[in-house]
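Just below sit the structures, each encoded as structure tokens.
In the two complexes below, chain A is the common chain; its partner is chain B in one and chain C in the other.
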Partner chain A sequence: MSNIGNETLVAPIQPWVKPRAKTLKNLFGPALVALVSFVIVLLTGFAGPDGWALLFFVGLLGLAIARTRNQDRVKRNNSLISIVIAGGATLAFAPWLSIFYSLVIKGFHGIYLGYFFRDMRITTPDDELNMGGVGHAIIGSAIMVLIATAITLPLGILSGVYLTEVRGRLTRMIRFVIQSMSGVPSIVAGLFIFTTFVDVTKQFSGLAGSLALSILMLPTVARTAEEVLKLVPEDLRAASYALGARQWRSSLMVVLPTVRSGLTTAAILGVARVIGETAPLILTAQSISSFKFNPFSGQIASIPMYIFALFQIGTEYSMARAWSGALVLMVIVFLLFVVARRLGNRVKR
Partner chain B sequence: MSRIETELKTSKENGTTMNEMTTSGASTAVTERPLGLETRGVHAWFGSHHVLSDINLQFPERSVTGLIGPSGCGKSTFLRMLNRMHEFIPSAAMAGEVLMNGNDIYAPEIDAAAMRLKIGMVFQKPNPFPAMTIRENVLSGIKLANLKVSNHDDIVEKCLSRAGLWKEVKDRLDASGGSLSGGQQQRLCIARSLAVEPTILLMDEPCSALDPGSTLRIEETIHELAEKITVVIVTHNMQQASRVSNYCAFFLSDGGPGVLVEADATRKMFTNPTDTRTADYVQGKFG
Partner chain C sequence: MPQKREMHVVYSLGDRIFRRIVTAGALTSLIVLALIGLFLFARGAEIFRDMGFKFITGVKWTAGSEDGTAAAEFSIGPMLVGTIIVSFIALIVALPLSIAGALFIEFYSSQRLKRLLISLLDLAAAIPSIFFGLWGIQVFSSMAERWSYLLNSYMGWFPLFSNEMQVFGRSPFVAGLVLAAMIAPIITSISREVYSRTPRELVDSCYALGGTRWGAIRAVVLPFGRSGVLGGAMLGLGRALGETVAVYLILNLVFAYNFNILEAQGGNIASLIATRFGEATAYELKGLLAAGFVLFLLTLTVNMIATSVVQRTSKDRS
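Take a look at the complex of A and B:
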């Protein structure tokens, strides 16, 4: 135990971390390339940000070649390919960033506190942006998605249980049906509910919208449920059978509670999948401009239909309102995915 | 250790009354004790692969029987056939009879789930239910089998005490079962099996994933259990077999299906076995 007094003599270091000065020096080259590209864009007719990005990319490649001029081919290829891969990743990320950027830029004008609580009953689309709001559409979407979840979640979990626990004779067929259901075009789901439900009840309704959304939601929920149920160790099923459990009790009391958070993730992913659907709602729930809480009779508002209707009008203020609605929708979906990821990570641990 | 020595002495006394053991074929009367379990002409297959051939073995009541043999000789498969866990493997098939109180557990009128209440099992890897607390884990068998029992607290205390875990966990019964150490988890699994009051407990290498301290603790638990119930334990560890078991059965496969080479009192198996292959195995010459 002679080390006890010596603790301060050895300073902890992290030899795998590059020193700060060297990192800064490495950044100098790319920064220069960025500046040169900017100047070229300013002086010549090269087009805006796209041209700058292209010049920057080519410049980086040139810089890498210049830096590795005295080194062997393997090192040169390594640095070139690193740049190409990083460029590809940025390119893949660009559309998302661009969408989010335009939504914020174009959508934030219309957002004020009342936007979330008011409807468009006494406000026309061309009124000032500090009047009216998207509240009725948020409520309508929430009601329809809640009903759709209430229909889909039990069915999705049951089919997941059938595919992983019961493993009956229909397993392959059911898996095939679920897979092909995820390929059903959303307008077809709307048409199907229109002919089988709206035509029969003689009216548009929130319930009809929920049914159409359920058709689109079921494959997502069922497949996610199946995936999380597959993660349950076979040990646990064996243990419960060895305790004298019958299969359904084992599934209900051991397997399903074990993946509770995974099943929540399945539900959230399903909600995120359908909350932005417009096509199935055109033929089922339609749209109105005021608050409505009764899903069983008559048209009901929803965020995607709100956006769609305002874009069709096409005036300056209506467009601004539509962009704000789109921003609200995007943020809701984004938050849902964040929650789903959090819960999903917990199940893997 | 004194308890272990007493147990071994008991089996020594039993050993003197024993008949000579035969290899496969004729069933062997090992003892005058009543039988907890008996197998007659048991075979096992996975698909077309014949893994066990003609096993005739008797398990006396309130004793510990160790199943020993090298890897791949079919002893775990044999153990899983004793409470019909074998049948959960889709390609599995079997032949023969497994008799509990003279009734074949594979008979068509037998309810497998109800039968498993009487023949419990502890697995190689500790597998407490992660979504349940320690208390819920102990009571899970009662809940899963839908038994009507009122004195839950007494059962929890009794089973955890019998598994040698009560003192360590009595203040945190509502903690998750996964928060325990590996050895504690395995004792929790034993307590869980005991809560439905089985008459027979099958253990599939229960200590292979554990440290020596936990192993010793579980071996003590096995000795205490054997005063009330019949224990069948698969083990790779010769020393463990000689420490915990009253009787031993040696399985071997020469590439074909596994066979029962010899079964007898543990003391005789380790000091004066009939078959030379048994002698070679227990002395560590192969396996």
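Take a look at the complex of A and C:
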């Protein structure tokens, strides 16, 4: 309507938008509280960031009480509880941020170009950080995860198709089982593969590791596959049936191709779920310190086991290596997530 | 009066084959789950028979001596108690924080912050558990030790918090707090999803009646989400019960009953398996498999209850 006539438009009043001056004024109090708490931390026995956070929190509560002194109880409760909720949320998020931060701070020392291409065969964990690397572990993890994906993806897709297309009598039960299966402890998956596979073949192997990872990966892949298949519009199926297609043709040639990128997302999320698993690999793949490409016989390296082994040695340099390995692993997980998110967005559009 | 006609579907041969194959594929998860239980039980059966009920209630885990003078004795009692203690500490700490986090994301943050926090939450749920072990020992433990010390000096008269050795690291308390950080993303994201399904018009009518934001949350959102949050909490509990490496790295593993959560000793079933696995004799290995079976049953039960709770809520309301 704005182009009717030439009248200049009056900026609409937006009472819900706070003017900047007021926002600044509102920030002044908390800033003062933060400063006062900082001084108290410096001068008294309240030590560390946790002491400061506690003081700051109590100070904010005090400030809120002072500000709402003229208001009724309901409003005062409301503003106090806002602070409590924000505080709780901060406390919930703090450890994760702290983990990301420590990964970068403690991990980046050990990273140099060769870190990605070398193994630990001739390097002892105590050597300077410009020797040795995580290359063998990256290769080992990649091999195991690829095999696990090759096993899980078809099964996951079949489960998804069963839950959304076939919809047989067992639909509810299978959905229930898949969800419950996602709670199987990783060490139990490792134990299971140990007694059924490692014990029978009489050796640790990358394949055993992949099988254990598959157990943990299947629920994630199946659930994500179900979610993306649910997004397929019913019209597509109806149109395909109307053209005379049988169920198998419409599932295989209409529905599944539509969600191809969604199924890739399912695989990626599954990989992100298991690539950091340590416990099952202790029982199945173990670890070695050199490159190895054969998953069918003998122990094989992996990033989580690399971290685990170095961390247990516990010397300064081995710790630094463990943190670097952890940083590499986190970056991989992060990249997987970014790719999954990109693909996921494409599905929705 | 038109009657509803009976639908009768006849699948072609191709369709029947297709449906068979898909069903078989979908049944693998069920089969795998059954096989896990079956094999662990079968391989551990000898221990169950030899130890009887003492497998749960006893106090010792010893492989015995080589010459057979000391009998092997396996009991997961202390570890079972340790598992439950550590997991419940984690749950008690994580649940309120996760609810606060979920409410904050859903009702207190701007659109942009909300998107950012949800991405962060997804990523946090994918942090490998070994990182929590690393972080717990190297970054968090100094802070947690100070808290333990304060807790002990002011609440030490209470048996739960007493600590005669006055060593505060590597205790069930620290491990529980780290596990709390580990399961908080799961509980937060499930709670957030449940809260986000609260009918918009109910919240809006609260505001229309002059209610405050907290008023709306307390009157509508929290009751609406209660069972979903409960399910999320149980899923988190299930994960804490089965956690291996984080507990293994943080706790000082001692095979004895320990109810003083601040003392530097404890353990859980999963870390028992990881610790003893490397040097176990064939007989002890059976003990570990039996322990794994108990852990499997425990987590499966918790997870099944959690799943049925979560699935019921999501079906009722969506």
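Structural remarks
By definition in this document, the second predicted complex is superposed on the first by the 317 of 349 C-alpha atoms of A that agree within 3 Å, B and C clash if a C-alpha of one lies under 4 Å from a C-alpha of the other, contacts with A are read in each partner's own complex, and residues count from 1 in each chain.
We adopt the following convention: contacts are C-beta pairs under 8 Å (C-beta built on N, C-alpha and C of every residue); 3 or more make two chains touch, one makes a residue touch a chain.
What you see is a predicted model, and the numbers here were worked out from it, not measured in a lab.
After superposition onto chain A, the modelled positions of chain B and chain C overlap sterically. By the touch criterion stated above, A:Thr258 is placed in contact with chain B alone, chain C being left untouched. Shared-chain residue A:Arg246: touches chain B and chain C both. Contacts of A:Leu170 after superposition: chain C is touched, whereas chain B is not reached. When the shared chain is aligned, no partner comes close enough to touch A:Thr201: not chain B, not chain C. In the superposition on chain A, A:Thr44 makes contact with neither chain B nor chain C.
Comparing chain C and chain B on the residues of chain A they touch gives the larger count to C.
Contact with chain C, but none with chain B, is seen for A:Gly183 once the two complexes are overlaid on the shared chain. In the superposed model, A:Leu236 lies in contact with chain B only, and not with chain C.
Among the candidate segments 8-16, 44-52, 116-124 or 242-250, the part of chain B whose C-alpha atoms clash with chain C in the superposed model is 44-52. Counting contacts as defined above, chain A residues 246, 249 meet chain B in one complex and chain C in the other. Residues of chain B that touch chain A in their complex: 83, 85, 88, 113-117, 120-121, 123, 125, 127, 129-132, 140-141, 143-146, 189, 192-193, 196.
Looking at the complex, you find that chain A touches chain B at residues 233, 235-236, 238-246, 249-250, 253-254, 257-258, 260. Interface residues of chain C, counted against chain A in their complex, comprise 11-12, 14-15, 17-19, 21-30, 32-33, 35-36, 39-40, 43, 94, 96-101, 103-105, 108, 117, 119-120, 122-124, 126-135, 138-140, 143, 146-147, 181, 184-185, 188, 212-215, 235, 238-239, 241-245, 249, 270, 273-274, 277, 288-289, 292, 295-296, 299-300, 302-304, 306-308, 310-311.
By the touch criterion stated above, chain A contacts chain C in their complex at residues 47-50, 74-75, 77-78, 81-82, 84-89, 91-93, 95-96, 98-99, 102-103, 106, 154-155, 157-159, 161-163, 165-166, 168, 170, 173-189, 191-192, 195-196, 215, 218-219, 222, 246-249, 251-252, 272-273, 275-279, 282-283, 304, 307-308, 311, 319, 322-323, 326, 329-330, 333-334, 337, 341.
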